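The two complexes that follow have chain A in common; it is paired with chain B in the first and with chain C in the second.
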Partner chain A sequence: MTAAWEEPIGYVLRASTTGFSVGTRVNQMGKPAFGSIVKAQPRGDEREWVYGLLYDMHIDDDPMVRQLVLADAVSEETIRDQHHHRIVPVEMNILAIGFRGYDEQIRHALPPRPPLSLDPVFLCNPDEIREIAASFDYFRIVLTTSQVSSEQLLAANLIMAAGTLPENEQYDFLVRAGREAARLLTNDMARLDSLLRLIYPA
Partner chain B sequence: MAKKSANELDKYFGARTPRLGVLIGGSLGRGLDVRLDPNVDMEELAVGRYVVIHGHQRRFFCIITDIGLGSTNAQITGTPPDMSNPFLADVYSGSIAYGTMHIAPMLAISEEGKIEPVRTIPPHFQEIWTATEQDINDVFGDEDEVHFNIGAPLELLDTQINVDLKRLTERSVGVFGKSGTGKSYLTRILLAGVIARRAAVNLIFDMHNDYGWEVFNESGARDKGLKQLFPDRVVIFTLDDESSRRRGVRPDFVVTMAYNEIEPADLEALRLTMDFSDTMLDAARLLRRMWGRDWIQSLLTAEPDIIEDLINTTAINGPALLALIRRLQRFQRFGFLVPQATGDSVQAIISHLDKGRSVVLEFGRYGNALEAYILVANYLTRRIRERYVHRVEESFGDESKQPPQLMITIEEAHKFLDPQIARQTIFGTIARELRKFKVTLLVVDQRPSAIDEEVMSQIGTRVTALLDNERDIIAVFMGVSGAPGLREVLARLDTRQQAIVLGHAVPMPVVIQTRPYDEDFYAAMGKPISGKRVGSKSRKKDSQELYVDKEFEGFG
Partner chain C sequence: MVRKQFRSQQKGNPMTLELHKLTGQVEQMGQALANQDEDIEGKKAIALQILEAYADEAYLPHILERVQDAVDRDAGYRGARPFDEPIMKAFPPQPLPPSATIVAVDGSQILPDTHGAAVYYLLNIGTIILQHGSGEPPQIISQPYLFYETEYVYTGDRGMISATTIAARRTVAEMQALTEHGWRQRGEARPLLTLIDGPLLLFPMSVEIPDRDQLRGIYFSAMTRLLEIQAGLAGYVDRPSSRFVASMLHLLDTPPEEVSRRSLATNGRLEGITDIKVYDGLLQPAERTALFIQMSPQNKEFRRNGGETHEIVFFYMNVTAPDESPHLARVEIPMWVAQDRDLVATLQALIYHQCQQLMTRYPYVLTRADELAVVRSEETRQLNVMIQVAMTRYGLATEESAKQAGKNAARSSKTRFKVGGDK
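Then we have the complex of A and B:
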């Protein structure tokens, strides 16, 4: 059985420097989740690996779905068939938070160039997650994004990142992350409080 | 010079742990501000402790002078976070809400090991570390012929603070502290060091019999006095033979004073204590001229018609004369004042001092009579100093005639050195003369603010236990750089066995836990010097640079 991060979760649909959209099938939706760290892998050229946080999953309608929605009774088999043979992909939106440069170091900054269409997109493995979360420099990118509730996104990401650590290190990791968030949100106590409560409900 | 990273500096300074925080502001004059790291337990810190800053080119030795709480957002003080959630508590503490401390730089050690006064400060965001035993040893060095262990810095009790006894004794010393803080105990340790290392001979005016044979400590046990520690180097003189013998002391000399040896100048020192007015002292001087050396006895035995005649035929003011008689009558209850002295006390003291013996003068029951204490101390000191001056002047032509360095210990010093009388008394003169005539003072007092400012400014080394009166604290730190911070330290010393030492005999101000005065101490006094230290480095030669005379021109 292959690990979740060994198979692509989708392919790049659209991209810009600040993020990209990934198209995927319904049956591939079980692996990625809100807050997951993903990477867009360049196809054989010299481009950088671009890392990002999954902040939105979008399911558009299509003509078939429109008709089925109006039908009186739709069988389970039809629904499953529709899921498998959708003509419109499920879209996942990714916020770019870093890239791996030519020196193999991960930089928490917007990438020099976006990934290209149809570049495969993978979930990061635990080692990569720990490598990225070893530094909290990407928090600023996340907390300044306007595309989604940044506290929700960061909290989801941190809980996932903590899960890659041994149990006895998880709390300290979350405290250190919380302190960095506190440093960045020092003038917005309401957001900070909301973020911290999402990470560690009383 | 290229800046060095902390790691590079560790090659010179040695890695240290734990880190306390980073430097975030301040100035050389006001002291430096430190933001504490989140994991530092503030309750483990205390004013008076040493910290070290790793600068780019040197270590800065600093003392904690204040500890505080800060926040990056004032809103948090108005709406505190929910601290019942442990995660929120851990995150907020050390991030938005954090600890601060204020530190005063005291000296610097370059990477070559050169110790120098602080003339600059490290840049922003340098790391602050707890001082290690090695740091302390680099500054205070080993015990040796000149350096004497008086205690250990707070929290570094395995190391020791050694004072330079030569420098301690060549200028006057002050031991200050409110009542019950162990001034006599501190003084005894200093005196023991001076005697053990033969740094000076001492004349100790022992008001409460604390120094000679033995003393009862707080727990009721007997502590050995200097005579028991140094039987061959200490002699006990007493004003009250009966009291001494009752306490099991066999004095070497019983001091008596003849009335005809008291000069009007000796009464000057009693101006405040016995309320002598100018008119009374004028009358005394006139009587001395008229009646010669027996003027006191003549006055005390004079018939009323003689008194009346004096008032009518001389310029002496009548009421002043009667008041003078009443005051002099108080002398009659002092058994040591006799018509004819049984020996030359001054010569006896000088004779012992010349042989390198220190003299403890016990006052016995007269210790409770301040006027007796002041009269005797002033009387003896005036005459001893006169002989010292004479001998020092003689020694300019013949060095072999130099008398030994003498340190005179007086208690309740503000009674001798009050601004109103300090200029007239012999003690004021000695304090101001510095080491010119090889006589210095060790003043023990609980009210330093009542001591003349000029005299205070000439006290080279100040050993100060807890003081809580603001004026006394200000007086002790007058003329000391970084004083505002040190005031906080002084006001928060423990009530016993802690003191701050600053001035001529130490390279920098230091808060000490004083050395226990116990069996180990007694044993150490009888042994060759064997300084205990941690680490392998010897005293840095360059630390002597901190002691150069040009650095000291008196406090204030």
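Then we have the complex of A and C:
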């Protein structure tokens, strides 16, 4: 059985230096989640790997899906057909937070160029997540974005990142992350309060 | 909002159809259709009176005798002949089987374009194989066939083949695909329903179809292969405008001594009423009418060339859900299916179940087969580009005709100057 990060979760549909959209099939939706760190990996050329946070997933309808929703007796085979074969358009949006350059170092900054259409997109493995979350420099990009509820996104990401650490390091990690967020949100106590409540250990 | 619509019209092509000049004609059309509808209701009442008068099973021999008499008189009778069931009785389906195999096929085509860079036509056949009750996704197949050789695109006298010829070849290709995939499923769950969109009876193969004899032969042998595996072959006709039963009622309404080509040229006081109008309201959801045989030269040919087993039988069924207005479809089956009444009732249950998947009340598998088969205009355009590239590679000229180039230029989108360019 392959690990969640070994198979692509989708392919780049469109992109800019600030982020990219990923198209996927319904049956590949089980792995990625809101706040996941993903990477768009170029196909064998010299471009950078672009890292980002998954901030939105949406599923569009079409006339046939609307018909099925209204019908009373839709069979399991019909639903599986829709999920497996029909191009049910599932789209995920990614906020770019960094890239891995030629020197193999991860930089928490917008990438010099966007990924290309059809580049495969993978979930990051625990080592990569720890490597990215070792520095909180990407917080500023997340907290200044207007595309999404940034404290919700950052909190979801931090809880996932903490989960990759040994249990006795998780609390310290979240405390350090909270301090960095407090430094960046000194003028916005409401958002800081919301973020801290979201990452406070249950 | 108005301004937005105006802008969007300006962005696209200008409208050439002057709709305001049609207002009066559309009004007249609405009025005429409403009058026709009132007229049809009166005819329906007459049709029901005749149907009721012959509803009892005891009248079946009499009806068969009247039909045979019309045939003997060579009166050009093209109506229905009851198979062996009372003509007004409704038949419920069997309970839905826990498992079954459904193979459905549909096709589409790109017609030849004499003004294109190359003359060709394309058939695209979509197939879906669904294991009913398995909970598994179905198997889907889309198979295109490109025809460009002289013998396929031109007739003997170098004329371009007609759209009728391509439609006939497509129908035969659909039946072949149904047989090929049905045969592969012969070991899977039974019953095996092999479903095609449209009638099973081939339309008249006119002389304009150069390979009509060959096509007939292929069609009949494909049907025979389905008979060999005892497949539940069916053709599904949505919104049928057929008048076979109405013609039969007209025959019964005509005194025997007056039956002639002239008296049967129309349906007399039932002229204009369709069979689904006659049975509308007589069938509960999922119920079917009696089985009938269509008395047409095509069906006679099916019997002559394919044998008794290939003669086509039909019934109407109400595919609507409970509490909805009736929606009747015609289902055509070959005689080998009609003779197994349990199989008929099971196919009826499966078709009804398929029709409940979508609010359109059209079988889901046929909707998907159509979706797999349909060739969109953008795909046609891309195929034309592929063909042009291939022709260029082999040093051939790839110009469209001046007429086509002119049309393309006139119909293409307009662009508007914007400061800073398009964003």
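As a working rule, the second predicted complex is superposed on the first by the 198 of 202 C-alpha atoms of A that agree within 3 Å, B and C clash if a C-alpha of one lies under 4 Å from a C-alpha of the other, contacts with A are read in each partner's own complex, and residues count from 1 in each chain.
In the analysis below, a contact is a pair of C-beta atoms (placed from the backbone, for glycine too) under 8 Å apart; a residue touches a chain by one contact, two chains touch by 3 or more.
Remember, predicted model here, so these are calculated numbers, not experimental data.
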Fit or clash - chain C, chain B, common chain A: fit
From chain A, separation angle of chain B and chain C (C-alpha centres, steps of 10 degrees): 170
Contacts of A:A182 with chain B and chain C, given as first, second, both or neither: first
First (chain B), second (chain C), both or neither touched by A:Q67: second
Which of chain B and chain C A:Y200 touches, first, second, both or neither: first
Partner chain in contact with A:H84 - chain B first, chain C second, else both or neither: second
Touched partner set for A:L174, first chain B, second chain C, both or neither: first
Smallest distance from any CA atom of chain C to any CA atom of chain B, in Å, after fitting: 42
Complex contacts: residues of chain A adjacent to chain B: 171, 174-175, 178-179, 181-183, 186-187, 189, 192-193, 196-197, 199-200, 202
Contact footprint of chain A on chain C as seen in their complex: 128, 130-138, 140, 321, 353, 356-360, 364, 367-368, 371
Interfacial residue positions of chain B with respect to chain A in the complex: 38, 72-73, 75-76, 79, 81-82, 84-85, 87-88, 90-92, 94-96
Complex contacts: residues of chain A adjacent to chain C: 64, 67-68, 70-78, 80-81, 83-86
